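The following pair of complexes shares a single chain, chain A, combined with chain B in the former and chain C in the latter.
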Partner chain A sequence: MTPLALLSGSPRRVAGVAGAVAAALVLLALPGLVNPYLLFQACLVMVTATAGLGLVLIMGWSGQIALSQAGFLGVGAYATTYLVAQGWAWPLAAVTAGLVAALFGVLIGLPATRLRGFYLAIATLAFAELMIRVFVEATPVTGGIAGTAVQAVVLPGIDVDGSRWYLCLAVAAVTTAVVMRIGRVGLGRRLRVVRDAEIAAPSLGVSPMRTKLLAFALSAFIGGIAGALYAQCLSYLTPEIFDMGLLIEFLVIAFLGGVGYVAGPFLGAVVVVVLRDLLQDLGSWQRLVYGLILALAIAFLPRGLASLPARLRARRPAPPAPEPPPVSGQADLTGAAR
Partner chain B sequence: MWQQIISGLQAGSWYSLMALAMVLVLKATDVPNFAMAELGLFPAFCTWALIDGAHLSWWLAVPIGLLIGVALSVVVERTAIRPILAENHFATVLMTIAVFVVINAVVQLVWGSEPRKIDSPFAGSFTVAGQVVAYEQLLSIAAGLAVMAGLILFFRTPLGVRMQAIAEDRVTPRLLGVSVTTVFRTSWALAGAIATIALLLQGQASLLTDQNGSGLLIKGFVAATLGGFSSITGAFVGGLALGVAENLAGAYISTSSKTAIALLAIVVVLSIKPQGLFGRHQVREV
Partner chain C sequence: MNALELSGIAVRFGGNEVLKGVDLAVGTGFTGLIGPNGAGKTTVFNVVTGYVRPVAGSVRIAGEPVRAGRPAVVARRGVRRTFQTPRLVAELSVEANVLAGLDAGLPPGGGLADFLGVSRGARTARERARELLDAFGLAARAAEPAGNLPLGSQKIVEVVRALAPRPRIVLLDEPAAGLSAADVDRMVAPLAEIGERDELSILIIEHDLELVSRLCPRVAALHFGRILADGTPAEVLAHPDVVKAYLGAGVATVDS
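And then the complex of A and B:
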């Protein structure tokens, strides 16, 4: 599409495109616009949002309660750091680490194909705890309790902070594009069929088992890649980084933001990164706030911040909305039957 | 060896109690309660404060602690869980996790992270056939047995039968005049008391810290899963088996294997026999 063709669209569309271009420019120019500290916070938003996109796939769209994302992040972080220390290039190491995480995802997902929701919650929680034990014990790779230092990636001609930002931005952008694409193609519909009508799925030619396993693998892969980035942000890894506290942050990110929406994790990530910064010296207060936010979000905003525009639009009485906001994911069922 | 087994049975009794509390809530309200251990942790800390700070006698402080446990569970059920029960499972699971985080943070804020010990009148030990047995160990095992027996009897009472009916089907029992509210409240109240007993026993036999809850939570889940999550006896035996296995592994393999055993057990059992070692396969209507 040429720029001219874009401009010939409706004014609303032009405004949308212009907004997107402006946002992209601001994001690309960010290292020159803000100080390194804010840039670092922005990196954290991108990383946690990327991990959150994995949760959109597994929890939002396929409806599986997976409490293992912190464990996958740990696998990705440690594996990348180890491989880079062995002389691998960072991109190759990160993708390999993602594949390792995906393998774990399939392993933990195998029982998931047979388990009712909360058994899965327990199994995935136990897996995450088990991974922490592994990080503590596997001293040759992880450095055990003492931890291991992360080699920073430096892009040619850019300083460390800028390199980290572009790395995080690129991965977040690619992941967002991939997840959005998945949401639109057959896989996204299959995921939602499994969530909303698992028993009917086979009659639509959808195998719940294969679909769930794929969701687990993809979500773990994204978690692993996010872990590789998270390692870049932390610069030093210890096992307790990936404990229950991180899981709780992810739950806040996913459910405050809105686990059914691609934009959800980004909204949630901004809130969590700001909170983390505000409350960093107040350990227990921080957890109290997270817990309360999570509880309030579940009780009063079950579809998250990302659902607010649609909700407000639905509440406004006069002009009929061009497309009614889906009340639940079930609207997609008809699409899957095609 | 015998020493390890007795210590294992003692720790196993705490796991069993926690598992029983979870099974009770699950059976009645179909909620997997990730906050169960914290619902016992807070009252256990209150009891410690009553004994250590207010110098109350153990015999007075423990009943007060149990009442706090009951009250806390009832309040949580009423304010956090019941309003969202109509939504999917997902929301209730997450809500119990949120409650877990909130209570744990409150315990940390009020009492800090330093370990405490609840003074009890059951200190001391005796020797049987060359083996030293602590009175605390007997107390833990006896309490576990008593609670299990009590629950088995309870599920035969009219209220217990109603509870099981509600777990199976939320609609039909209501048409027959069963009060869902009463059933929910009773099960959470009982579970709160049982969780408090577990944390109290652990707090007076070893140490009480803000981390006890999350430790017992996983162990309780493992025990309940081993037992199939529906069977009272299964959950009880599962807890004892886990406690003994952990202690033997800790003594004869390595200390670090002790923590891993519960987690491995849960992953393996759920992968191979998801209905648990003692559970029956549950057929659900579509």
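And then the complex of A and C:
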């Protein structure tokens, strides 16, 4: 499509395209626009949102309550750091780390296909806690409690801060595009069929178990890649980074941002990163604030901030009332030819 | 050869014998399955589609035995069904809901081609979905979220989803229940036409006996897990056991 053809669209479409181009330009120019501290916060937003995109697949679309994402981030962070230290190129190390996380995703997914709701939440939570233990014990790879240093990726001709930003931006952009596409093709349909009509899924030739396993693998892969990025932001990895605190931030993303929509994790990530910055002196009081936010979000915004535009649009014209079921179907055929 | 053959099917839930040796052969065209509530009609569907494992008996599709307990495999062998309450994905468009019925038909590895937008199967699937939605008068609402449609239209969408992959056998569970007269016509006319053209075997559970008589040249009546009568609608509805089952002694009631 030529730029002219784009401009010939409706005014709303033109405005949308113009907005997207402007946003892309601002993001690309960001290292020159803001100070290194804000740029670092922006990196954290991209990393957190990328991890949240994994939650869109597993919690938003396939409807499985998965509290394991912090664990997958840890797997990705440690695996990338270890492989880079062995002399691997970062992109290869990050993808491999994603695959390792996906393998863990299938492992946690196997029992998960037999559990639902509360029980699934507990099982995935147990996995995340178990991973902390693994990070503490697997000293040769993770450095144990003492931790391990992360080698920073530096792109040619760009400083460390700028390199980190472009890495985060590129991965977040690609992940967003992939997840959006998944939402529109057969896999996205199957995930939602399993969520909303699990009983009907087999009658469509769709195996709920395989679909759930695929969702776990994909969301863990994305979590692993996000972990590889997170390591770049942290520069030093210790096991407790991936504990309950990180999990609660993902819950804020899921419930406040909204994981039914691709935009949700980005909105949630901005809130989480800003809050983390504001609340860092509060110590354990942080959790209280997060808890309050979660409770309020669940009570008043069950589908998250990202659902607001659709809800506001739905409020204006009254929704079509569902047809009342007729009292009896018997009268239906009185005029029918026999 | 019959498209579908049940012989000696017995199903027990705990101590409750739901089916006690059901024999039923379904050929091309419409076959009605009637009976009071609790007779075991939906259980027959669940056995055929592999959802429920019978304790005895066998199911054959086009002469070949079906392994129980593998509903997704049964569906891929050309057996599709609807449910009493439509089970659609409310947030997905009507068209996407129909496409969900076609996803299993894509070739292995089709997922990647589909993701990249180069799948020929996905393109034919979209054409098929549009063609059917058009035939059932739903083309104008194809892009709307399925949850916005009234119940009657949702039930029609479910029928379209079942027909989409060109199955050999279609099982419809109370398709007309809760539908307006107009909706029943909108569903039945194209269904009969497609059924005849594609030589489908359609087994239909329905309480609306007038509809059953009109649509099905053959009817089987089920009562307390046994086939009471099997023949033309006139024969079956006049059968003394059937009359007794429907009217008899307050044991069963006709409608819900």
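Going forward, the second predicted complex is superposed on the first by the 316 of 338 C-alpha atoms of A that agree within 3 Å, B and C clash if a C-alpha of one lies under 4 Å from a C-alpha of the other, contacts with A are read in each partner's own complex, and residues count from 1 in each chain.
Note that in this section a residue touches a chain if its C-beta (ideal position, glycine included) is under 8 Å from a C-beta of that chain, and two chains touch if they have at least 3 such contacts.
Please read all numbers here as calculations on a predicted model, not as lab measurements.
Once chain A of one complex is fitted onto chain A of the other, the partner contacts of A:I248 are limited to chain B, with no touch recorded for chain C. With both structures placed on the common chain, the touch criterion links A:I199 to chain B and to chain C.
When the shared chain is aligned, chain B comes close enough to touch A:A123, but chain C does not.
Once the two complexes are overlaid on the shared chain, A:G63 sits against chain B while remaining clear of chain C. Once chain A of one complex is fitted onto chain A of the other, the partner contacts of A:A94 are absent, as it touches neither chain B nor chain C.
After overlaying the two complexes on the shared chain, residue contacts for A:S207 are found with chain C alone; chain B is out of touch. Taken together, the two structures place residues 199 of chain A in contact with chain B in one case and with chain C in the other.
Touching chain B in their complex are the following residues of chain A: 59, 63, 65, 108, 110-111, 114-115, 117-119, 121-123, 125-127, 129-130, 133, 136-137, 199, 244, 248, 251, 255, 283-285, 287-288, 290-292, 294-295, 298-299, 302.
Chain B meets chain A in the complex at residues 32, 34, 80, 83-84, 87, 89-91, 93-95, 97-102, 104-106, 108-109, 214, 218, 221-222, 225, 229, 256, 259-260, 262-264, 266-267, 270-271, 274, 286.
Those residues of chain C whose C-beta lies close enough to touch chain A in the complex are 49-51, 71-72, 75-76, 80-81, 83, 87-92, 96, 99-101, 103-106, 110-111, 114-115, 122, 148, 150-152, 161, 165, 176-181, 184-185, 207-208, 210-211, 214, 255. Within the complex formed with chain C, the chain A residues making contact are 181-182, 185-187, 189-190, 192-193, 195-197, 199-207, 260, 319-320, 322-323, 325-326, 328-333, 335-336, 338.
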